[in-house]
Every structure is written in structure tokens, then in C-alpha cells.
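All chains are identified by letter, namely A, B, C and D, in their written order; residue positions are counted from 1 within each chain.
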Amino acid sequence: MSYARQMLDAYPGMISIDASVLARTIEALTDCAQACTADTDDDLSEPNVTEMVTCIRLCLDCVDVCTATAAVASRQREELSPAVMTPLLEACAATCASCAEECERHADMHVHCRVCAEACRRGEQASRELLAAIGS
Amino acid sequence: MSYARQMLDAYPGMISIDASVLARTIEALTDCAQACTADTDDDLSEPNVTEMVTCIRLCLDCVDVCTATAAVASRQREELSPAVMTPLLEACAATCASCAEECERHADMHVHCRVCAEACRRGEQASRELLAAIGS
Amino acid sequence: MSYARQMLDAYPGMISIDASVLARTIEALTDCAQACTADTDDDLSEPNVTEMVTCIRLCLDCVDVCTATAAVASRQREELSPAVMTPLLEACAATCASCAEECERHADMHVHCRVCAEACRRGEQASRELLAAIGS
Amino acid sequence: MSYARQMLDAYPGMISIDASVLARTIEALTDCAQACTADTDDDLSEPNVTEMVTCIRLCLDCVDVCTATAAVASRQREELSPAVMTPLLEACAATCASCAEECERHADMHVHCRVCAEACRRGEQASRELLAAIGS
């Protein structure tokens, strides 16, 4: 079992959202941030780095937004704040989607972009699942 | 002149948003993140820490969202992505507002909460100004 | 296979360190940061929060140092910089150890501290393994 | 007066280190992280991006290490932990120095690298000053 899930199960208070959805989102966004950090560096090692500039920028955005969203989601257990979580998850889904789309363009040429695209699509989906779970 | 502004002035490309608004937002959100990091620690040093729990949680959220938003804003110079920036700035304004509101409740008792509330209100306002500047 | 490992395997350049050790470190530090973020929030929900103040502070430090170390480690593949990596991994091992020690003190009372202590010990060990692998 | 300084002055406990040195370090590292975030994006906009790859990588490391060090320094007021702070500040000084050195190589050609080099040198100096103040 992941630490995200173990920590949720050990939570001393009441959890207001489905714990499986919440744990899955935290894991997916953490994985996505990690894949995008690595992909940025992979892109910088490619001979055609000039063509990877957009991919690098979007990966950097994705790291920042996924990391923040995973952290905030870890604090929204007892009392959910839709005013913050709804737009944050929307921003996160949009960043993951943009990054996935760009990575998919390079997926045939670069294995690392294919793997990163997959992590971003999971991040996007997890953000949308949590949005649905909080009724947004 | 702040580094945020100097770096914008040295930008090799075209900036699509008003550089003053962009620099002001980056500075205000960086300041807000810094104030909230310190306020979290101040709250933890208070004898009435039990009453500061909500303040600590909101400050931690504010650090995460402001840091991510300032970083993403630093990468949105040439081509703005409203699909990401609009909800991210909305989440940022909402987080800053929640944190400011809670800090204001403690402002009479704790100077650090008064100072932090001020930084959060500036962060909220800067997020809204940038939202207006990008036409959202 | 974890994304950290998949991304290392897809790396276009030469990796100067043992890829298994590097992947394990990145994963362990990411897991540790995630567990500490959750544990901070768990501690804040405990009725005896006054006794958890040191634990909260150490968890917050652990999140910051593990996140930075995992990210820098993700960029040290081709050319390792011992001047940066050696002290950073030492700081990371020390932060994980301090946090683990404090969490272990609360492990009998709070399951979340027991789980977090385990994640911190793995983070500490992984930092030391990578230190050994880079010959420091 | 900066928020870092105002928050230190409002601290409810005793501060074990010289508050001016501590505030200056937090500010310098926050500024450095901000400048490096912007410089990464500036480098990505340069036509000779292939030659800027090392600069981009070092800037990204600098953002991660400075952000973590500033945050941990904000929590080391009452009880300093030299086991963590000493290697962390050493890693921070080394990262700032490497990034400054690389940025200085491009300073004649790119104004943004000149500004970023200045922010990194200030970050390096501030890290060393705090190291001296804590007796390391």
C-alpha cells in the first residue's frame, strides 16, 4: 500500500472525501511531478533541444502545479475548501493535459516523452476524478 | 528594482502581458509565501497553538499555491495559457483570501498574524490584478 | 516499475551513477516528502497538538529538503556535482533521521507517526546509499 | 522593511541567531530562487538554447536548493539544528556558486544571465554569512 493511502487510513479525524480517490490523486500527481522533473532533464540532453523548448516549459509548469495540488489535497481531509480546491484541480488538470499533449507529439521519437505523457494523462484523470468527488 | 522586474526587462522575447503587473504579482506572491512560511512557525511557537491550527493549515496551503503560481507566472511571458493561468490565479486569490481572513482574526493578539494577513491581502490583490490583465 | 526508474531507463545520455540506487533514492525521498506532508496534517488534527509541535516542524523541514534533493538528484545523471550532492545528501540524511527519531517517539500513540517514521528511515537510508554510490 | 525581517521581529520566542543575518539570508535565497526561475525561462527563449543547457540545469538546481534552504532557515529560529543547517547551507552556497559561475560566462551576451549571476552571488554570500553566524 502506498504511503499516501497508509497515511489517509491513519488519519485521526473524519475524512470528508472518498479516501481511495484522494489517495489515488495524491499518488498520481506526485508521480506526474517526478516524471516531469526527469523529462525536463531528458529533453535538455536531446540533440534537438531547440524543438523541446515548449515541452520543457510545460513540464516545469506541471511539476509546480502538481506538487502544490498534491500538498493542498493532503490537507483537505476534514474540511474541504471548494473555493480553493475546485480551481486548483482545474488548473492541475489543464496543466497535465497541456503537458501530455506536447509530450505525445514527441512520443515516437523519445521514450521518455512517451512515459511522461502517460504520467501526465494519469495526473489529468486523477484531478478530474477528485473534482467529480468533491462535486465540482 | 526587484529581481522579478529586472529579469522581465531582460527577457529576450516579447512579453504578452503588462510587465509591471506581472512583476508585481510575482513579487507579491513570493513575499506572501515567505510570510506564510514564517507565520506557520510563529503559530507553532504560540502557547495557544491549539487555537492556531486552522491558521497553520491555511498558511501551508498558501505557501504551496503562491510558490507554484509565482513560478508558473514567470514562464507565461511570451505565450499566455489562459486554460492554466485563469484557474490557477483564481485558486491563488482564494487561498490568499482564506489565509488573510483567518490571520486577521488573530491580528490583535499576534503581530505576526497581522503582518501575514497584510502579505496575504497583497497576494490576493495581485492575483486579481493579473487575472484582470489577462482578460479573465 | 516506478516512473523514476522508467525515466532513468529512457535517459538519452550516459548515467554516471548506478541507476537502481539513483531511482531508489528519488522514490524514497518523494515518498518521504509525501508522508511528512500528510503527517504534519495528522499531527495538527491530534487533540494533543501542543506535544506534536516539534514533530510538525521536523516534518515540514523534511518535506522541503527531500523534495529539493529528489529534484536535484533527477538532474545529476550525466555529470555528477559532488560539491552540491554530497552536502545536500548529508543534509537530507540528517533531516530524515531527526524527523524519524521524533516520529518514533510518538509511534506507539499515533499510527501516522509510525508510518511516517518508516518513510523517514527509508529516506535516510536511501540518502546514505546514494552518498556511498557517489563515493562520498 | 522586508516581510522576512518583520516576521522575525514579530517572533513570539527567542531567536538563537542574529536576526539581521537570518533575515538577509532568507531574502537573498528567495530572490535568488526567483531570479533563477526567470533565467531558466529566459535561456529557453534564446536562439542559442543549445549553449544554455548547463545554465538551465544549474538554475533549476538553484531554485530547488535555495527554496528549501530559505524555508528551513525560517524554522530554525529557536533551536538551531547544525546537523541539518550546516550541510544544507554548504549545499546552497555550492549550488549558488556553480550557477553564478555559469551565468557569468554568458553575462556579456545575455543581460538576464548577468542579473541572475548577481542574485546567485548574493545567495552564495548570504549562505556563507549564515554558516559563519551559526559557527560552522
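Note that in this section a residue touches a chain if its C-beta (ideal position, glycine included) is under 8 Å from a C-beta of that chain, and two chains touch if they have at least 3 such contacts.
All values derive from a computational prediction rather than experimental measurement.
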Chain pair, B-D or C-D, that carries the greater number of C-beta contacts: B-D
Same or different contact residues where subunit D meets its copy subunit A, judged by the half mark: same
Of all other chains, the one whose Cα centre sits farthest from subunit C: B
Gap in Å, rounded to a whole number, between the CA centres of subunit D and subunit C: 21
Averaged-CA centre spacing for the pair subunit D and subunit A, given as whole angstrom: 27
Residues of subunit B engaged with two or more neighbouring chains: 41, 45, 57, 60, 67, 71, 75
Complex contact set, residues of subunit A against subunit C: 2-4, 6-13, 26, 30-31, 34-35, 37-39, 41-42, 45-46, 63, 67, 70-71, 74-75, 77-78, 110-112, 114-116, 119
Residues of subunit C defined as touching subunit D within the complex: 57, 60-61, 64-65, 67-68, 71-72, 75, 81, 83-84, 87-88, 90-91, 94-95, 98
Residues of subunit C defined as touching subunit B within the complex: 40-41, 44-45, 49-50, 53, 56-57, 60
